[in-house]
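So that you can tell them apart, the chains are marked A, B, C and D in the order they are listed, and the count of residues begins at 1 in each.
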Amino acid sequence: MSRMDQAYALLEAECRDRGVDLDAACRRLAALEVETPSWGYGDSGTRFKVFRQRGVPRNPFEKIDDAAVVHRLTGACPSVAIHIPWDKVDDYRALADHARNQGLRIGAVNPNLFQDDDYMLGSLTNVQPEIRRKAIRHMLECVDIMREVDSSVLSLWVPDGTNYPGQGDIRRRKRWLEEALREVYAALEPGMRLLIEYKFFEPAFYHTDLADWGMAYLAAEKLGPQAQVLVDTGHHPQGTNVEHIVALLLDEGRLGGFHFNSRKYADDDLIVGAIHPYELFLIFCQILEAEQSDDERVASTARSIAYMIDQSHAIEPKIPAMIRSVCNIQTQFAKALLVPWHLLRERQEANDVLGAEAVLREAFEMDVRPMLYRLREEKGLPADPIKAFYESGYEEKISERGFGGSGW
Amino acid sequence: MSRMDQAYALLEAECRDRGVDLDAACRRLAALEVETPSWGYGDSGTRFKVFRQRGVPRNPFEKIDDAAVVHRLTGACPSVAIHIPWDKVDDYRALADHARNQGLRIGAVNPNLFQDDDYMLGSLTNVQPEIRRKAIRHMLECVDIMREVDSSVLSLWVPDGTNYPGQGDIRRRKRWLEEALREVYAALEPGMRLLIEYKFFEPAFYHTDLADWGMAYLAAEKLGPQAQVLVDTGHHPQGTNVEHIVALLLDEGRLGGFHFNSRKYADDDLIVGAIHPYELFLIFCQILEAEQSDDERVASTARSIAYMIDQSHAIEPKIPAMIRSVCNIQTQFAKALLVPWHLLRERQEANDVLGAEAVLREAFEMDVRPMLYRLREEKGLPADPIKAFYESGYEEKISERGFGGSGW
Amino acid sequence: MSRMDQAYALLEAECRDRGVDLDAACRRLAALEVETPSWGYGDSGTRFKVFRQRGVPRNPFEKIDDAAVVHRLTGACPSVAIHIPWDKVDDYRALADHARNQGLRIGAVNPNLFQDDDYMLGSLTNVQPEIRRKAIRHMLECVDIMREVDSSVLSLWVPDGTNYPGQGDIRRRKRWLEEALREVYAALEPGMRLLIEYKFFEPAFYHTDLADWGMAYLAAEKLGPQAQVLVDTGHHPQGTNVEHIVALLLDEGRLGGFHFNSRKYADDDLIVGAIHPYELFLIFCQILEAEQSDDERVASTARSIAYMIDQSHAIEPKIPAMIRSVCNIQTQFAKALLVPWHLLRERQEANDVLGAEAVLREAFEMDVRPMLYRLREEKGLPADPIKAFYESGYEEKISERGFGGSGW
Amino acid sequence: MSRMDQAYALLEAECRDRGVDLDAACRRLAALEVETPSWGYGDSGTRFKVFRQRGVPRNPFEKIDDAAVVHRLTGACPSVAIHIPWDKVDDYRALADHARNQGLRIGAVNPNLFQDDDYMLGSLTNVQPEIRRKAIRHMLECVDIMREVDSSVLSLWVPDGTNYPGQGDIRRRKRWLEEALREVYAALEPGMRLLIEYKFFEPAFYHTDLADWGMAYLAAEKLGPQAQVLVDTGHHPQGTNVEHIVALLLDEGRLGGFHFNSRKYADDDLIVGAIHPYELFLIFCQILEAEQSDDERVASTARSIAYMIDQSHAIEPKIPAMIRSVCNIQTQFAKALLVPWHLLRERQEANDVLGAEAVLREAFEMDVRPMLYRLREEKGLPADPIKAFYESGYEEKISERGFGGSGW
């Protein structure tokens, strides 16, 4: 028996003792899908400098090529998010076909409301009606693109805000935003979802129109069931209990998706799971617990979450950084799958503070590599996807691209 | 002409130039009422030490005596909040009469869900049904007391939360809380309001069941129009734009009241306006702008806000600290009254970022002492209430009380 | 072969592949000593409530009894810190003997500069010379006690600070503090160390005289080699990179010790490792890397660190919470022992960002329970110390104490 | 008598009552010099977008032209900081002459250690010796430029840091940095100062080599008296008491200068005084109190501070934003000049917490516009510099420049 098989057997025995079915956990893990973003394959950076790397994609088609590599190596990333206009092409069906031919599909469509000069003082909340109109039209254009690429998720980040007290009328801006979203929502087809992101700050530095989950929730709640909240793990004030927000949105049927990344300070956009892995695990605990809820609305909300990566690889090689991100997500997801929920409930009901805490922490402290290896083996994937990438020759191949375009 | 009169005349001239009616501003200022808390007159402190001061009240009646002094000297504090069981008495009508006899009324009634041993792991969200029941009964008792003291505000802070991941089931606790609030809400009479406070953390250190405005809003929204949100200025993560939250809750008709205090770090409970006076000014700007809204729901919400002080005077003499707090509120409120709204709107519409900012900042930089003196003169109040307090002999008188009870 | 033996064998094989000697790691782990605090066995809480638990110690002797139980079950806690005057006794030699008879020794002596009424506005930095003198005398008394109990560590937390701008003269206070510390330092015998703690805020809420590592460092640096900095893991602003501070203080030979605990918000004083386990691991990485430094000053500083727990168990049963804390420290320390330093260096030198990061993260993701079990087996300790505690009957025995005194 | 004269007379009378000499205060205010940065006149923005404005300078000479306008209108900005290589010119003497001809001088020289591709993983702390060498050479080049432009301040921001745990060896980087600074320091001529800036985070997101004042202090202290710390007001963790750091550095003779700006969240680089004006006032209080110290080292340190603006005007018109910044500094500086220090000391010594606080706050609440107007009148400056700018026709004139270069 190989070491990994021995380790799997040991883990299985321990899980059995704790009432956890390891094979079932592996199956759930195998079904986990994580969307990667087209812009994550291009150059990005900070306001101080974007370091350009050789081999980054020169166009949307090449971004999809890179995303396809990540999917081939991890088996977990069958869709790729696009960003308009960064991924503007003449023929979106051709783009979707290009994806399909490599085993991918187009995922969320992301409008851009921050790079046009007109948006300096706001897009959907701009005091000038014609600029609000322009922003709405761009959103509607994205809905059209969704139809063409067969996407079901419109992923909206409203970067609008102000830099100084008095600069804008907060309540008027709120109403303009609500008005704009109503129009966009009305254009959605059945089966399409509008995911509304929030962000504590940046690029606005005094007030951000959608600054927290409550503001995004309120916007979604006024629209209807096809509108939900998108949680970007890096978009909160320091100390925020993100898993609490996740639990709450699940309970309200309003958690639509995630933008995964990690942060130590502000919206650092580092590789997910790299800074505070326990937090990522606790988020998955809330989700997996909800997946088993008796309340069908909660359970189906949990099962319909769109898991997406949104990072800014300033200094890392892009494709390995993306693979690393996917593996980190799988690792913490796998650990959360090892939680014996019945035992947790039992100790919670017994007011056993230390005992209940231990149930979660012990799952986190387990080594889940045997699960990941088993999974890869069964799917015919390389045991070490990053190593496989470096051995594949793809890096050399794309270096011919020279210096490509910015991810953004 | 006295210096103050000269200064008033100069201010009036400047206001006239800016299109602001100073006399009208003074009238609005004169109508501002700020509720002081009975517990603010007793000893309080930190977990490390409560320093006891000579002369603090020994019972609820003496607390009301002290509150009456603050009202006599400031003319702005006609009501006093009470806290059950700290202010438990046999005869609440007698307590209300005691207040009335000194020109006061009983304001908000505050239940206590954190000092009973049963509440160690939660009150309204406790996993044990009998403890949840006990907490609900306490809330209903407070509604009864409201009737007896003729109070219209039930001011609810739910301190419940957990200290460790896994300790509690976040979603179950959320539902228990909703269930409990439904029962309490049903007991309210017409004209009574339930104000739901939120707090980022403390005394719970991992998750707090009502941790932010969104959670309090959601709870209120499920109950009905008599439930609103209470904003404690010190209960937010660092960096939070509190005036934005204020604007939003006004726009939704859900801003019910304030607990004023100030903070540099966590929930420091310092004298309001002592650490970040500009923030307090900006909060009042949002409110005064909303008072003039065309939207009647917004305007009437703004006009019905319950302004309350909630501080912990650990090292300050209690009564002077309370007077100082009231004066600080009046000062920032007065400055906000000097904002020329038409000019602000004009510059906002012209996309004049610096110009719009200047409109607010300039009002803040004005010296409003002439307004305060004028106001006090007209009401027959002492020009310097703290000085008047020290000269009144009250401090010596109450020193006979010896060392009284804790504010809490 | 038992499961644990199999798991150990697998871990050993993997370590060998990575160039890590697992047996050596286990030996280093076995030598790790963690001091527990006498006050951690008594009641403590928040400013809102101290929940009293049955069975807590009634006096310093009983605190030592409880500390001895923790040492018997973990084998890792041979010393106990005391706090004066909480642990004031007539005969300190008797207290030291009581400890020795149970296999313990007295560790750090902690003066108390915050609970005397005189210290309301400062102790060593009080504007009144007689209060400064009193505080200095208390410190000197603690040095005397150190001699009697044979302690080598004076662990100083200066809680002094101010609540309002202007309340104190920051620079005068700084000089008073320096003056006081010079006098205390002069009283130290060779072999004694003064460890100077810092804290971001609380109980002071505007400024704290020793607010960060830099201020504590500066104070230590002016005194001499027997003064070092004490890092309390919960005493930093949000986002602070604590392991960076640890590295820096090691490099300067000024890291004297730790107060371990964990926090999500402020100084929450939760069980160490419960909120952000990766951070604890990264701290140990810095230390273990420094232990192997070529620079003898750095290496000996690292090897002389005083590891101490300082927590406030508000809702947890005290002794199990302490055992849990010790186990959490051992767990993260064990993981840090699995880092292959040569490989890390190699990848750092190759500018392999992802590769270098992986070296640390992979060690963290390993399951180190086999190391802990092996260690306990070899020392004849129970495999599960918390379970062993509950089975020992000690809890029932101490319940006879009834409700003891506050830990503080 | 004009309104302003009346207001001045009233202010003077009040000051006299408080023992403050208003004319002397005005003289000190008149002597205040604030350096503006060449890069503040060009375009800048966030990582999401740099909005380009018509009329921004196309080269270093035009930046100086704009700085000269600010000086002509405010009378307070006789020097301009330059940044290499943004302000690289063939003939630095010509640049200095160009400044001189307009009544300006070149102030601090700022090296750039973040925009060269080689610096992606560090400059002075890079693991590759040849990159460290290159960075040192750049610093030495800046010292040469200082000689040519007759500058006495080398203003160093080291942006180096890492994004992931393990990426770099923190202690080795520390030593490389110390080594590099020693070489640069040795190249300074007498009269030249090296000001070492620190920053909490960004562009590095895991650890920053000089992350806080303590690290900058330590670096300066190892070099010698010509090295001091530069405080950028936006470079601290949330909640940091910046005025405390200022007081401490003054007391140690190590406060060399400021980069002024304001922030609500991270390093927002907004107009100084726009977000938290009271904090700016309190910083000036520390400085002005130190200017009068009996300790000559402290007083001379305070009197030698280099006051510099460092902002990023993302959405504001550049020149008016700079004028606004200067006026905000003057406003808060003027208020601090109104503090009656003897009274403050008296109340501090009487342990009068509220009274001492009031001394500072009351100065802040005064309206100092009469001082500013008096000052401008005496210097023959326009009463409203921003209005004067818009009326000057300069804006139209520079619009011929078209879209200039980035400030950065």
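Simple rule for what comes next: a residue touches a chain if its C-beta (ideal position, glycine included) is under 8 Å from a C-beta of that chain, and two chains touch if they have at least 3 such contacts.
In UniProt terms, the chains line up like this: A, B, C, D = L-rhamnose isomerase / sugar isomerase.
Everything quoted here is computed from the prediction, not taken from an experiment.
Participant: Give me the chains shared as neighbours by chain B and chain C.
Facilitator: Neighbours common to chain B and chain C are A, D.
Participant: Does A-B or B-D have more contacting C-beta pairs?
Facilitator: A-B
Participant: Could you work out how far the Cα centre of chain B sits from that of chain D, in whole Å?
Facilitator: Inter-chain centre distance comes to 38 Å.
Participant: Going by the touch rule set out above, which residues of chain B reach two or more other chains?
Facilitator: 121, 163-165, 200-201, 206, 238-239, 241, 264-265, 274-275, 278, 315-316, 353-354, 357-358, 361
Participant: Which of the residues in chain B end up touching chain A in this complex?
Facilitator: Chain B residues touching chain A: 121, 127-128, 163-171, 174-175, 200-201, 206-208, 211-215, 217-218, 236-241, 243-244, 247-248, 250-252, 278, 282, 285-286, 289-290, 293, 298, 344-345, 348-349, 351, 353-354, 356-361.
Participant: Can you list the chain C residues touching chain A in their complex?
Facilitator: 3, 6-7, 10, 13-14, 238-239, 241, 264-265, 274-278, 315-317, 320-321, 324, 331, 353-354, 357-358, 361, 364-369, 386
Participant: Quick one: in the complex, what on chain A touches chain D?
Facilitator: Residues 44-49, 51-52, 114-115, 117, 120-121, 159, 163-165, 200-203, 205-206, 238, 263-266, 268, 270-271, 274-275, 312, 314-316, 408.
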